[in-house]
């Protein structure tokens, strides 16, 4: 069942220049796609390719200039349903600092449910469950600025989970983290997806994208490639044209194939590569 | 040439939460050497960097750059900054001037150079970071794209013409192509002249590929100091410090454990392909 | 270091003081401040000192923590003391050139000093023992009667919550920017006032830009979390007055009574 559906969506940023004229730049140029309920989709593309703009169209932070975005069948341009859309699609942003509202971890996690008028006793339950889901219960009384980047990002995720959304859009959540933090955040994303939450991950890290069910490649406001990680990373040359790369095991497998070693086309992970090589 | 001897630093001394940030760190980096520093977050890397250009003073120990003791209280900070340039993480957030040229000129101006010298250095360093000087000099730095801003910020440090250039995670938050471009820029700058370049990074692939020598920091101590091959051969120790191997070394290590006869420590995908091909044929 | 500033920070705990209703604590703090200005004899300060001491002991907030909060304002206190010491006319105790210290000046300076220290420690006890959300909820509740007059009580409270949350973040940011500009040879410590003021530009511009970026990001994040939705907001921790609060209020009444008695009978 499709949960998010874009239909010929375009988005223009409007800006007034010094002379008072309105200039518009087209950040998204007529894209159509759909995302299945419960799936894990990665969106990759270079800086300025429109990924973030697309993400913000998924929970009505931005409304399409033309075309439509549907969330669970709801047209996001229908302003009477704005809060229904945002309750269904939560969002986690890149900068771990700039999305935490409260100076106490658990109060921050409660912020979303409080906004949608959830009963106090239930908020308590949701907050506790969300924090234990990201393994941060021990930190619930701490001040966010004392936590590491990865921990802050997990708090932001808990804040999204406490809204009980059906889908979470992660807008480069690992870009500012160290490798340990990145790993922790990615584990949490996979765990949430395993629990049935639709996960949409925007990332610059190819090895993260490789863990998704489906990848969308964006460039210059358009979706240029779409498919499973195996299908996408087989096309290294095309990716290169979009300033992207392939994960290391894929690159090594293709270097080995060039040297005459026969390997299956769909190697994606180190585990599979090692297995194939020692056969 | 930079010589670090027995450097120790303590944060919040005399307070209950005092902690040793650096403990007896000693190493030297020669002219023209490309040194990588790796370590888990909180291992003391950034404390070390801030000592290397005099932003922090050590509790004990000395740092001597080309004969100048920068830990000596009598040493003028301007002299230190002439010798050691430090590019912080996300350096684009420190841009402040109206135009790119003025911003890049900030450092040289602070060094008290003549106007001609400043103009010349600004032009050279903007060109050195791969930007078109004439097209960009009068633009506001805030109109530029993220990648361009970062280049301008790096140019601002290069314009001070330091003997030792230190970069803290210069590729953070960039897509693969932009990441590679910045790295090429850094190796390009290293290639010209006889500068010591020190690169701090979490990306083991980059460190393995471009550094002559790698320093590993762990809990405020210098845990390892050797060539990339020597350092990345010590897999167990690195992993116990929460550090990973470069991808190529990781894959070949797993193959070795699975019984494949690969002796060489592979640092790049090309090397790994070479070695595996040898064994498989 | 700039990050060591603790002014306005919360010290997590579960003491009797921590558990009091924020509204009670806010009102008590306001009245305490008024009381400090009512006092005009040293004996009155002894009462206030004992009361504050009791609060500190019960709250279990370490003194080092409180002391660190006081440090950044020491300069202001010292300045006030000096002004008072030298400016007030009266019986001259010491003189050199146009500078003179009078008995009255000394007394006023000591008075002001004690008053300021008691005031700052007293009000920081409020922020140290009240979680920020509690503080803002309390203020919102106390201001809500004025909503009918058009006072945006909730918005004010939200602004305070965010300010408290971002003080440490902005301090850290400032620290980073200062270091980055120092690394580019900036000198903030020498030259006359004009030069020093000019030297601040390389710090202030990036700091403002940073603050705007944070504000923009945060507004986006809050919107994404349904802030400003049409439904009525609820709270995870609802404020409830209990017997504890009654006891605190009574004890505080005793304190006020002592101050007033002292003023009336010893004045």
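Odds and ends about this structure:
Lettered A, B and C in written order, each chain numbered from 1.
Heads up, the rule we're going with is that contacts are C-beta pairs under 8 Å (C-beta built on N, C-alpha and C of every residue); 3 or more make two chains touch, one makes a residue touch a chain.
What you see is a predicted model; the values in this text were computed from it and never measured.
With B-C and A-C as the two chain pairs, more C-beta contacts join A-C. Relative to the C-alpha centre of chain B, the farthest chain centre belongs to C.
Put simply, the C-alpha centre of chain A and that of chain B have 30 angstrom between them.
Look at where the CA atoms of chain A average out and do the same for chain C: the two points lie 41 Å apart.
Among the residues of chain A, none is in touch with two or more other chains.
Against chain A, in their complex, chain C makes its touches with residues 9-10, 12, 131-133, 161-162, 164-165, 168-169, 172, 213-214, 217-218, 220-238. Of all the residues in chain B, the ones that touch chain C in their complex are 12, 15-16, 50, 53, 55, 77-78, 81, 85-86, 88, 91, 93-96, 106-107, 109-111, 142, 156-157, 160. Chain contact summary for the complex, chain A toward chain C: residues 56, 59, 61, 83, 86-87, 90-91, 93, 95, 97-104, 106-107, 110-120, 123-124, 127, 141-145, 156, 159-160, 163.
Note for the complex: chain B touches chain A at residues 40-41, 145-147, 172-179, 202, 205, 242, 244, 247-248, 250-251, 254-255, 258-260, 269-270, 272-274, 276-277, 280-281.
Residue ranges on chain A touching chain B, taken from their complex, read 45-48, 94, 148-149, 172, 175-176, 178-181, 204, 206, 243-245, 248-249, 251-252, 255-256, 258-261, 270, 273-274, 277-278.
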